[in-house]
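The structure follows.
Read from first to last, the chains carry the letters A, B, C and D; within each, the first residue is number 1.
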Amino acid sequence: MDSIILQILNGLDKGSAYALIALGLTLIFGTLGVVNFAHGALFMIGAFCAVTLNRILTLSHQVIDNTRTDFLGNPLKVDIPYIYDFFGENIGRAIIDWSVPLSILFAIPIMIAIGVIMERGLIRHFYHRPHADQILVTFGLAIVLQEVIKFYYGANPIPSPAPEAFKGSFDFGALVGFDPNTIIYPYWRLVYFCFSLIVIGAIFAFLQFTTFGMVVRAGMADRETVGLLGIDIDRRFTIMFGIAAAVTGLAGVMYVPINPPNYHMGMDFLVLSFVVVVVGGMGSLSGAVLAGFMLGILESFASMREVIDLLPGINQIIIYLVAIIILLTRPRGLMGRRGVMED
Amino acid sequence: MFKLNKKDLRTLIIVILLALFAPFLLNPFPTDSALAQFNAGYPDLMQRFVIFGIFAVGFNILFGLTGYLSFGHAAFLGAGSYAAIWMMKLLTMNIIPAIIISVIVAGIFSLFVGWISLRRSGIYFSILTLAFSMMSYQLAYSVLTPITGGETGLQPKVNDPRLLDGALAEGAIPKANLFGLDMSQSYDMSLGAWSFTFNSGYYIAAAFLILSFYLSIRIFRSPFGMMLRAVKSNQQRMTYTGLDPKPYTLAAFVISGMYAGLAGGLLVAMDTQAGAERMFWTASGEVVLMTILGGVGTLIGPVLGSGAIKYMENIISKINSDILHTWFAFLPDGLENVIVAIIYPFIGKGWHLTLGLLFMIVVIALPGGLVEGAQRLSRLFKKGKNKSNENE
Amino acid sequence: MELLEIKDLGKRFGGLQALSEINLSVMKNTVHAIIGPNGAGKSTLLNCIVGKLMPSSGSVMFDGYSLLGRSAHEINQLGISRVFQTPEVFGDLNVLENMLIPCLAKRDGAFRLHALKSIDDEKQLREKAEDVLEDMGLIDKRHMKAASMSRGDKRRLEIAMCLAQDPKLLLLDEPTAGMARADTNNTIDLLKRIKQERDITIAIIEHDMHVVFSLADHITVLAQGTPLVSDTPDNIKGHPKVKEAYLGETQQV
Amino acid sequence: MTKSNFTRRGVLRTGAVAGAGLSLPTIFTSSASAFTNEPQGGSVTLGFNVPQSGPYADEGADELRAYELAVEHLNGGGDGGMMNTFSSKALRGNGILGKKVEYVTGDTQTKSDAARASAKSMIEKDGAVMITGGSSSGVAVAVQALCQEAGVIFMAGLTHSNDTTGKDKRANGFRHFFNSYMSGAALAPVLANAYGTDRNAYHLTADYNWGYTTEEAVKDSTEALGWNTVAAVKTPLTQTDFSSYIAPVLQSGADTLVLNHYGGNMVNSLTNAVQFGLRDKVVNNKDFQIIVPLYSRLMARGAGANVKGIFGSTNWHWSLQDEGSKAFVRSFGTKYGFPPSQAAHTCYVQTLLYADAVERAGSFNPCAVVEALEGYEFDGLGNGKTLYRAEDHQCFKDVLVVKGKENPTSEFDLLEIVEVTPVEQVTYDPNHPQFQGGSLGSCNPGA
């Protein structure tokens, strides 16, 4: 029992990352119909927004400490961030400590800008081109973005811890009456889970209750008619692309304390995000979110020792196996619309 | 001739000539010159050009004709490779049984995957094939290690049983051969400052490419090929014309799977090693990119596309900063460093960046891929010629 | 003699009874029209015949075979060719290739792995295809890509493709929908000619009474999923029930 | 065509190195070379095959730096580095056998196929007489088999799996790096000392060959000292989030977590384990502990502060105070501005060892080199007295047990040495069960 609750919690947490990424992808791919292989790269760039802000905050000047030596035996040069000079060491330290949450503010404008530039400069010209061309151009873009990040930040993962206040874990089991230490849950993962719920809720509300959202939804269903009504649907799609990029980027920003980011993390998530979107059903936002959480939970269950002992290797293939079963039993995924990307 | 029309015959002859004279064409620079770095006429790369050419030509039969985008064809290449290497371990180092079995195994595997995946179309089909290939990769890398060698893959070893081959002489190593002709056997020819290599393995692989290419032309021009194009164009009309699209698509899937298996078997024949990475989704993605880069649905496009990508991977990645400095050594120091600093991110370890830019440029500037580019060039050329004729 | 015989056919979608108690016979070498107001179930009926939908009850017999449970391509192979409301052709292929496909389907059946034959060697089929194109006045366009043809030409091509199969029954689903009057008249003339020149039975679903009364030998009126009346055109004209069914619709009867 | 002569040769004559012979329109005959890529003219080409793209690109870059440094030293440039402290004095800074050392580089992408393609191009196109490098066992085993077939020497870079010198060993291949067995043997006593002999260990193991051999090695040696293994769970190589593997650890009653992970897997699993607060827990009245059998300082950097206090083993560390290590750190640090990694160290040493073996053998012939390296004992290369064992071409030397440093002074200062495990303790029989099933075969000179 407790181990099942434990894996559901883990699954929800994993699923919230999947759901957020898939939500962004489904806005672009499921509804605009663009096969965007650069989507993983957007997630990665979001994560590196956090890294970049941290780098900016820790810009330093060097002070020579004669009491200590470096590895060559020379006096040690100690880095003092400029921010200490501005705000004093304590406040400076606190700001750096909170750099990941602060990155949200930093990342939103950047990600929207990247999304808008991408759509205006590139994707726009590919709406009516074959999917093959979309794949090639976005894959090329993904590689370029990835290599640029690698050029500046290297290939290794970069540690980006959560603020001190959110480090460690709490004993969820003890709170609800299980033995201590049976169900533990890290604070930051809880933050991530709540954060993703807020973002998902905000996107749904935005599309559901604003005129903008209504027009966009109508445009997704029938672009030409909406165009005939004299509404500039292209401009709205551009904004939509920006929002999708921002959602994906934020998923990346908040992910860095969970796992240190590296330049190829986007590719690691790319296939998975496509699987989630398709399993959820093309063109369905709620399908993407549902599939994200479902795959996260199933993946967690498959990694239980008892399950692996029973079916060796199941943890390697669970996601794909589930995808196959769902697509064979439900032709358009969990909640897919008819006719989207079926030709 | 060969039951081909004039235009196709010309294409085939071009491919044959390219394949025959590849050792010359790919080594255009004198061995000692700085540009020798760009020579690609060494056996391994020439073999890879033709093998991945076969892979892409086969993939194009499915993707180019029926429009079904498989993201899992690397699994068939991998399955073919494993089958071939096991033949070499158990039966003989002769490549013929290995290649035959690799085609058969890949055919059976693709029949299974296709039979299931073709229940869906469009993106759903793509994801199903992707899922199968990723499952193959994940399992081959981990729990199937006793069969696949897992991380380290499989290589022939001295103490493998090899029922048909006699015991190896003391100190000999098992080498892939065709009735005694060693795949790594090469003839070198020096002509002045140039040198050219003729490798037996390459020519055998090239023979398979020519055969595969010829078959692909025949399929393109056959009633069957027309049916496949009908599948892409309008399945509804097809059904109400009394045709069942599914066996056609499945047949195309299996044929392209067998091409992939042949490529996998040849990879092992030329370089006796099979590993799970061959089945990773990026490997499936690579053949998709090769086909699109060259030109989807064209005969020769996939061959060009695979050549371009493999060239990048093997030649551009080997240029290091040292080599750059030697190239630009004639410039004043400051300028040399600036130029090297500008070019450096694009070569050597930055070869991926160049590849990504190439993809973007090709697709933006040449919507039909490299073939489209070539056609435009030739049109431009023809136009120019016509004009000059008029002027006379 | 009946070519197509539908007995007690019913079709239910969940709680909705779309068709019920349909009894209908199409006689050989006649033109049988099925008319009815919107939502009368004409398309559902058609789809039940061609194998796209599985009827919930009843039977459909064609030329001695039951059509129930057969897939669309099998039904076509039995001799029923269908023309769609919006012309369905192979857009990426040229006109001649569009014609060769039904010829091949007629000769080779639903599937044949003729991967190593050259299409250029199919001289007989090509002749046949060109004959039909000639007949339909499309021969000059045989190298044109089907997608780039006008709607009227696409319709002609689609009919030509069906005729190339020498079907026993040609099913037409609103063949003049969305056409200008001149095109409609052309199509009527074309169909008339086909009827005269060929040994063929035609079933036509139509909205346009002008078309129906120019062509049909027999008319079935469908309303609310069930046949209202089935009779010759002269008897249908002025039939009170028909008028009632069409009440409110400004149809030229 | 008619004028040119064809010569039949097993493997290619080579291109990139300029030789006097090349300028003449003559054709080499097979008698001109007794073995693959016999160096012609005044230079010899080595092939440095390292990951330049993919997750291990930074490790590859460090390896490449070490190779460039080694080439510089061999050619008499720089301060000579470990050539001055090396027990053998055969190298004189005039290249190898008087031939100037040149090199070519390639990208393994940490994929066996790509690594072999790259190595083949070095052998076939550039005429490399020795291939070295790599950052994973899969690549090492694949390239080693290739070199055996082609008839060149392979000096393995970073490869830790037992298989490289176990069931997949080859006569033309040599490994200086330590292996899983040695990690287990070195770690176990230190762990028993620090954490007691009554521990319940929970293994998370990367689900591929290296993971298997490491798990087996650590399990065997810790169980021999009284530890109990509660469970061993395999994790997919492609896993990025280990939460669902780590969360159940506490439930199992284990008080120690062993992470048989490397690279990105290790960074993420360790980060996750610390995130779950495992290290703050007390189980069975013992502080919960985490162990990482194979440490890589470069990758450990990605885990940041999470490595503090965590035990592991490593092949070499820049803080070693023997003369060899000091000399190497000095020349590397002066040239590049930061200390070398263990990958850089093993690659540098391998290059020197190869060059030295050629000098001592007086020939580049792989068989002569194999003979010179087999059973060769040396010192002064940073790991104390070392033996290249003839039976399996594995180096036997001291192994370092290290611990994540509590108060690092710089981003390189992550590990501190806890113990230098003497070579006797990590030596095993060539027929040890963990290494069975392979055979060296005999050296292949190619041609």
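Just so we're on the same page, contacts are C-beta pairs under 8 Å (C-beta built on N, C-alpha and C of every residue); 3 or more make two chains touch, one makes a residue touch a chain.
Model, not experiment: these values are computed from the prediction.
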Intersection of contact partners for chain B and chain D: A
Innermost chain by mean C-alpha position: B
Most distant chain from chain A by Cα centroid: C
Length of the line joining the C-alpha centres of chain A and chain C, rounded to whole Å: 52
Centre-of-Cα separation between chain D and chain C, whole angstrom: 74
Rounded Å distance, chain B centre to chain C centre (Cα mean): 47
Computed distance of Cα centres, chain B from chain A, in Å: 34
Residues within chain D bordering two or more other chains: 53, 57, 61, 207, 234, 236, 238
Residue list for chain C, restricted to those that touch at least two other chains: none
Multi-partner residues of chain A (each touching 2 or more other chains): 312-313, 316
Which chain pairs touch, all of them: A-B, A-D, B-C, B-D
Residues of chain D defined as touching chain B within the complex: 4-13, 15-16, 18, 22-23, 25-28, 52-53, 57, 60-61, 104-107, 111-114, 116-118, 120-121, 124-125, 136-138, 141-142, 145-146, 148-150, 161, 163, 168, 207-210, 212, 234, 236-238, 438-439, 441-444
Residue ranges of chain D touching chain A (in the complex, touch as defined): 53-59, 61, 207, 231, 233-236, 238, 240-241, 243-245, 247-248, 250-252, 264, 267-268, 271-272, 275-277, 280-281, 283, 298-299, 301-306, 318-319, 329-330, 333-334, 338-339, 409-410, 412-413
Parts of chain B lying in touch with chain A, wherever the complex brings them together: 63, 67, 69, 116, 119-124, 127-128, 130-132, 134-135, 138-139, 141-144, 281-282, 285, 288-289, 291-293, 296, 345, 350, 352-353, 355-360, 362-364, 367
Footprint of chain C on chain B - complex, ascending: 3-5, 215, 218-219, 221-227, 229-230, 232-234, 236-244, 247-248, 251, 255
Chain D partner contacts - residues on chain A that touch it in the complex: 2-3, 6-7, 9-11, 13-14, 17, 68, 70-72, 76, 150, 154-161, 167-169, 181-186, 188-189, 257-260, 262, 264-265, 268-269, 299-300, 303-305, 308, 312-313, 315-316
